[in-house]
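Let me begin by handing over the structure; questions about it come next.
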């Protein structure tokens, strides 16, 4: 179980290769990557991600632990950035490995659903005309009902 | 839509980075990677993957096309190897990008489910005591009912 | 007790954290105390349905006990991922 | 018409492909013709539920028409991914 909360960029390809190399006979690896989207119109100057140091790591560990108990997983990786990001920057990734593709997929979706609504990160978008906190989506909260 | 059927190894990390770099504002990228599993006991000497040149490419394009019609996708990538592989070699990968994480996940699962049972690949496992064709799993056929 | 604020809660209150002397039994009691302090607290806590709370870095509810709590944090719904 | 065999069907019949002169109307008719040829065909086609068929590189059923078909392929259920 690898959890990293960092301001530095991460190399998606290198992380994916390293995770797959270490999967140790699991057969199936799923990754999800979240990328900063530009804004229509005037465009995004930057995105700032605030987090709650200490709680963030605990929340992510708890989510990863729950996934590991619920599915037959080889390993779980979560990397999430905070601080300043630009459009097209990679915000975060999760990776799961399993003997069964369905487990790897479901666990990755579970991690994402919980991470969206239960890990203490907040996004703020800066444009030429000001800054705005990204609002949580009802759909993200509703997604938790699936599990 | 990128479909590659090849005997050469592919670099999962480089492919994942290139796909994510080209995702063009989609926000969500999902990958699945299939890896050769070793066999318990005497171990796997090698796996040989046979395919049906011509039909394979058509079948994969059709599957990718169906996914693109069904979900709101930025792009789809499928790479599948044939020929000789060893334990821990990467057999294949799919990648999807979308504005919505649920679309990226579902499309990747759909691609995998169809690819498992509808793309003309056959695996043969070689061990010290002989060779055996891998049997199709009822569960893989049943997985198609979901879509 | 350390009280922490994040995102727009932090911006409205104007500070990221402070020490608060309180005998509040629950989170809701603490909120009631803070609201009486100054306009900026009243504004930040005006709609509790728009807020989330963590006690000692665990998400919880506004009726949670503060017995033994060392750290309480208020923030809007999270938007990670 | 080109007839192709893959995986253990190829191994049982002993060749990967052959030209077949036939006036079979359907895949099932073609299979019936092939089965009468030699023991190895009889063995390969003994359990059709274990086989899949493609006509001109499209998966289809054993009752599919061969009208205009140029290529028919027989193989076991696929195991890609």
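We call the chains A, B, C and D, going by the order they appear; numbering starts again at 1 in every chain.
Rule of thumb we're sticking to: a contact is a pair of C-beta atoms (placed from the backbone, for glycine too) under 8 Å apart; a residue touches a chain by one contact, two chains touch by 3 or more.
Computed from a prediction, not measured in an experiment: that's the story for all the values here.
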### Query
Going by the stated contact rule, which chains contact subunit B and subunit C alike?
A
### Length of the line joining the C-alpha centres of subunit C and subunit D, rounded to whole Å
71
### Task
Indicate the whole-number Å distance between the mean C-alpha point of subunit A and the mean C-alpha point of subunit D.
48
#### Entry: Whole-Å gap between the CA centroids of subunit B and subunit D
26
### Query
Could you say which residues in subunit A touch two or more other chains, in rising order?
34, 101, 112
### Query
What parts of subunit C, by residue number, touch at least two of the other chains?
81
## Note on the structure
All chain pairs satisfying the touch rule are A-B, A-C, B-D
### Query
Given the complex with subunit A, which residues does subunit C contribute to the contact?
4, 6-8, 10, 54, 57-59, 73, 75-81
### Task
Mind listing the subunit B positions that touch subunit A in their complex?
11-17, 20, 23, 25-38, 87-88, 90, 99, 101-102, 104-105, 108-109, 112, 143
### Task
Show which residues of subunit A lie in contact with subunit C when the two form their complex.
34, 49-52, 54-55, 58-59, 80, 91-92, 112, 115-124, 133-136, 141
